[in-house]
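Chain IDs A, B and C follow the sequence of writing; residue 1 opens each chain.
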Amino acid sequence: MSDLYLIYKNMTRKPLRLFLTCFAIFIAFLIYGAVTTLKSALDAGIDLAADNRLVVVNKINFTQPLPIAYAQKVAAVEGVEHVTYANWFGGYYQEARNQIVAMAVEPESLLQVYEREIVLPLEQRAAWLGNRQGLIAGKNLAQRLGWKVGDRVPVSSNIFSHKEGGHTWDFVVEGIFTGSDPQHDTNSMYFHYKYFMETQSFGGDWIGWITLTTVDPAQNQRIADEIDNGFANSQAETDTSTEAAFSKAFIEQIGNIGLIIFGVVFMAFFTILILVGNTMALAVRERTGEIAVLKTLGFAAPRIFKMVLTESLLIALIGGLAGLGAAWLIVEGAKATMAQFLPNLVLDSGIALQALAFMLLLGLVTGLLPALNALRLNIVTAFNRG
Amino acid sequence: MSQDLLFQLNGVSKSFVKGKEEISIFSDLNLTIERGDFVAIMGPSGSGKTTLLNMLGGVDQPSGGEVSFDGARVDNLSESALTRWRAHNIGFIFQFYNLMPMLNAARNVELPLLLTKLSKAQRRKNVETALALVGLSDRAKHMPSEMSGGQQQRVAIARAIVSDPKLLLCDEPTGDLDRTTADEILEMLQLLNRDHGKTIVMVTHDPAAAKYANRTLHLDKGKFVQRELVA
Amino acid sequence: MSQIAAVAVMNIRSLPRRLWMSLAMVLASAVVVAILLAFLAMARGFEATMSGAGSDAVALMMREGSQAELNSVIGRDQVNLIEEAPGIARDADGPLVSPELYVIVDGIKKGTGGKANIPLRGLDARGMAMRGNMQLLEGRMFTPGTNEMIVGAGILREFDGFQLGNEIRFGKNVWTVVGVFSTGGNVFESELWADAKMIQSHYNRGSSYQTIRAQLENPGNLEPLKAYIDAEPQLNLELKTESAYFAEQGKQLQYMAIFGRVISFIMALGALAGALNTMYTSVADRAKEIATLRALGFGNFSAFCGTIAEALVLAAAGGLLGSLAAFVFFDGLNASTLGGSFTQVVFSFDMSPDLFVQGAVLALLIGFLSGFFPAWRAARMPVIVAFRNGA
C-alpha cells in the first residue's frame, strides 16, 4: 500500500459519483476540444498567413474584377518580390452540389508565391508547367474525387461559359500537391489562366485578385500604399492588405454569429467546470473526519495536502483527457466529410495543451481549497464537529 | 529523572478564548505516568478529560506549563515535529473506531506503517502479527462496513499497536459497545499492558471499564480529586 | 396523497440548507436550457428572414448551374425572349418581368468596423412591385437614370454610413441615399437598391443582367414557362419559384439548428451528470430524515415522490432562469452572417413562445431523470441502514 493506493481508494469510494463527475468533465472537454478545433479551423487563414504576402483586390469589393494589366504594374513597385494573380472559377465536379475551390492562375509565379503551401514533386511541376490543359489538385481534393496523376477530368464552372458551349472544361491532372503544414489547405485546384482565357466566352482580360510577396515585411505598408495610390482614380481602384488582414476580414463576414456561438459554448464549458468543481470540493469536505484521523495517526499536513490535490487533479485529468480524446476522434472522423467546407480541421498540440492547462486549472482550483483546509485542519475542532 | 518515568506534566494549564471570555479548562495540573502503567481517567462531561488526552497525544498543546515524554520536552515542539513524534510514540484508539471506510481491515492496520521506512514484506508481517494479536487474522480482507462494532474496535487496536508505540491513548474505547464486547476489548487492552508492556492511558466514564486499569484518576473541574475506588 | 405532499414540502423546505448543491442543480438546468434556446432562436430568426423573402407567385430564372444570383449572367436577348413567354402575368404596360443585377460592394460593419459584403441590386419599378410587402420608411424612390439608391432597413441597422442623404463611394462612383425601405424583415432588407441601367454602365455589364423575376399568372404554376424555356435552345435557364430558391438558401443555416441541438444534447448529458450527483448527495444527506419518516409509517412511494418533487422544483427553477437569461440576452439580438449569395444577411434572434415550451420540457426532463434514480434509492433504502449511515 502507498499514498497512491490511498488516493485511489478515496477516489473510488463512491464509484457512481466518480463516474458522474468524470463524465461531466468528459463532456466539458469533449465540447471544448471540438469547438476550439472548429474555431481554429475558421481562423487558420489568419494564423497561417505569411507576413510578407499582400493581397490586391478591387476596392469596391473583392468579388469585383481587376484588369490583368495590373499585375505587371504591381510587379514594378519597388520592394515587390514575386507577383501572381488568380481568378475564381466557381468550379464543381459533375454535379453542382460537388463544389471545388478552383482557380485560374499564372503557374510559375503561383509556385513562387506559395512555395510553402503548394509542395509539388519536381517532375509533376515540370509536367504541369508544360501542359496548358493541366491542373494540379491538392491531396485532400484528389482523394475526395478519386483523381490520380494522368487522369482526364471535366470541371464545370457556375460562373463562366466555354466558348464552344456549356460550362465544362477538360483538364489533365498533372500533379497532386501537399502543404508543408498539416493545416495548409489541400482542398483546392489550380490551372493555367492562359487556357482559361482562350476558351471562355466572356470576361477575357480580367482577373480576380493579385497576390504578391515583399522583400521585407517591414515595407508592407509602404508597398501597399504605393500600389493603391498608383491606381487611384483609375477605372478600377485597388485595396491592398496583408494576407492576414484579408483572411481576417473574410472570416469576419461570418459575422457575430460565430462570436455568439463560441461565447455561448465557452460559457457552458465554464459552467460545467464550476458545477463539477463544487461537487469535487464537497466530496473532500465530507471527509474532514477521516483527514483528522490521518493527522492524529501522524500523517504530516503537507503529505495530506498533496494527497487531496493529487486526487482532484487525477479526476480532472481522467475526465478531461478522455473528453479530449473523444473530441480528437470526432474531429478525425468529421475531417473527411467536412474537408470541403473546413479544410483546416485539426486538433493540434496547441489546442491540446490549452485543454490540458484548463484540466490542471480545474484540478488545482477544486483541490486547492479542500487541500488547504486539510492542511490547516485542527484535529481537536474536527473531532468536536464530527 | 527516573528510568521508569514515561510522561510528566508539570503545572500544565489550558484555556480557550471563546468570544471575549477566556475559559480555563485546567490550571496547574500535575501528572506522572510511569512506563508500563495502565491509567484510567474518569470524570463527568466537561471535566477536561478529553482535552487532557489530546494534550498527551500531542494533538492539542498546553497554554502553559511543561510536558515531558521519555525525558524530553514536547510542549514546545513545532507542529510538524509533533506530528513525527506522534507517529513514532503514540497509538490512538477512538470511541467510534475511526477506520477508513474504503480500506479493508489489513489496509487499515497498515496505515501507520506508511509513516515508517519498513519494507513491504516487513509491513505485511507486522500487520499479520497485529491482527493475530487481536484475533482477527481471518477478517483481514473484510471492509469495516462488514464488521461488528467490536471487530472494528479490534482492528483499531491492531492499527494502534502495529508500529509498536510506547503509549496507547484510548478515548472512551468501549463507549459504543455492549457490555460483553466491551469486556473483550478491555481484556485485550489489559493483555497488551501486562504481556506486551504497553503503557495505556484510557479516558472513560464507565466505572466498570476503569476497573481493568491499574489505577484510576478522577478529574473534576480541571483538578484531580482523590477518591477511593469502589470495589 | 397528503403523505406525498408532506414529504415533498419537507424536502423542498430544507433546500436552502443544502444551498450549494441546490444552486448547482439550478445552474446546471439553466445553462442547458439557455444554450438550447439561443441556438433555436438563432435558427428561427434566420429561417424567418430567408423564407419570408420568397413568393410563390414569382418565378426566378438564373443561368443553369449558377446556383446563386451572384454567379448568373443573362443577356438582354434572353430577357426579351422571356417577356414573350406564356404563363406570365401582364398589365397595361406589358408582361410583369424584372431583369435584375446583383453586385457585391463593401460596407463597414458597426461594432467591429470590418468590411463585409453587401448586395447592390439593380432593378426597376416592376421589380420593386414584385416585393409585395415593400414600403418606404423614409425619403423617396430613386430616380431612374441617376446615381441614387435606397437602402434596406437591415443595412441601416448593421452597417455604418448609409443614413438618408449620405453620399457613398463605391470605387469611382458616388451614390446618394434617397430612401430607406422595409420588406417586412426578410432578406431583401439586407440589400441596396438602385437603377439597373446605372449599374450596368458603372460595372461594365453592357446590356446583360443576372437574374429575371417574373410574376406568374397562376401562383406556383411554372409549367407553361418551363415548357417554353425547354423548347427554346437560346434559354439555358434554371427556373424555380422564388420561395423555393430562398428555402434552399435558408437551409444553409439549418446546420446551426442541428449543431445547436447536438451541442445542447451533449451539454445536457454533462449537466445531467452534475444534477444526478447533486440529487444523490441530497438523498444521502437526508438518509436519516427519510428513514425517520419511513419508521413513522410513511410509505416508500412518498419518499420516492418527495425526492422527485425536489429535483423537479430545482430543475424548473433552472429552466425558468435559463429561459429568462436567453430571452434577455438573445431575443431580438441583431446578427448577420454570410448568406448563400456570398453576401451579408441581417437577421434577428427570434425567441418565440413555442421555444419556451421546448426549454421547459427540457428542464423538466432533466429534473425527472436526475430525480428518478436517487429517489429510487431513497425509497428502497432499508430503515436500519439509513440510520446507521446517518449516524
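One rule holds for everything that comes next: contacts are C-beta pairs under 8 Å (C-beta built on N, C-alpha and C of every residue); 3 or more make two chains touch, one makes a residue touch a chain.
This structure is a prediction, so every number in the text was calculated from the model and none was measured.
*Asks:* Imagine subunit A is simply missing while all the others stay put: what groups of chains do you get?
*Replies:* Once subunit A is set aside, the chains that still touch form these groups: B | C.
*Asks:* Which chain is most remote from subunit A in terms of Cα centres?
*Replies:* Most remote chain from subunit A, centroid-wise, comes out as B.
*Asks:* Looking at every pair of chains, which has the largest contact count?
*Replies:* A-C
*Asks:* Could you put a whole-Å number on the gap between the CA centroids of subunit A and subunit C?
*Replies:* 26
*Asks:* Quick one: subunit A and subunit B, Cα centre-to-centre, how many Å?
*Replies:* That pair's centroid distance is 64 Å.
*Asks:* Can you work out the whole-Å distance between the CA centroids of subunit B and subunit C?
*Replies:* Chain centroid spacing, subunit B to subunit C, equals 72 Å.
*Asks:* Hey, what residues on subunit A touch two or more of the other chains?
*Replies:* none
*Asks:* Would you give the residues of subunit B that are in contact with at least 2 other chains, written as numbers and ranges?
*Replies:* Not one residue in subunit B touches at least two other chains.
*Asks:* For subunit C, which residues are shared contacts with two or more other chains?
*Replies:* none
*Asks:* Can you name the residues of subunit B that touch subunit A in the complex?
*Replies:* Counting only subunit B, the residues touching subunit A are 54, 57, 59-60, 79-80, 83-84, 86-88, 90, 92, 94, 98, 100-103, 107, 110-112, 114-115, 123, 159.
*Asks:* Tell me, which parts of subunit A touch subunit C in their complex?
*Replies:* Against subunit C, the touching part of subunit A is residues 16-17, 20-21, 23-24, 26-28, 30-31, 35, 58-61, 63-64, 90, 92, 96, 156-159, 161, 167, 202, 233, 235-237, 248-249, 252-258, 260-261, 264-265, 267-268, 271-272, 274-276, 278-279, 282.
*Asks:* Under the touch definition given earlier, write down the residues of subunit A that touch subunit B in their complex.
*Replies:* Those in contact with subunit B are residues 1-3, 5-6, 9-10, 12-13, 289-290, 293-301, 379-380.
*Asks:* Under the definition above, what is the set of subunit C residues touching subunit A in their complex?
*Replies:* Those residues of subunit C that touch subunit A are 20-21, 24, 27-28, 31-32, 34-35, 38-39, 42, 64-68, 70-71, 73, 103-106, 109, 111-112, 114-117, 170-172, 203, 256, 259, 263, 266-267, 269-271, 273-274, 276-278, 280-281, 330, 333, 335-338, 342, 344.
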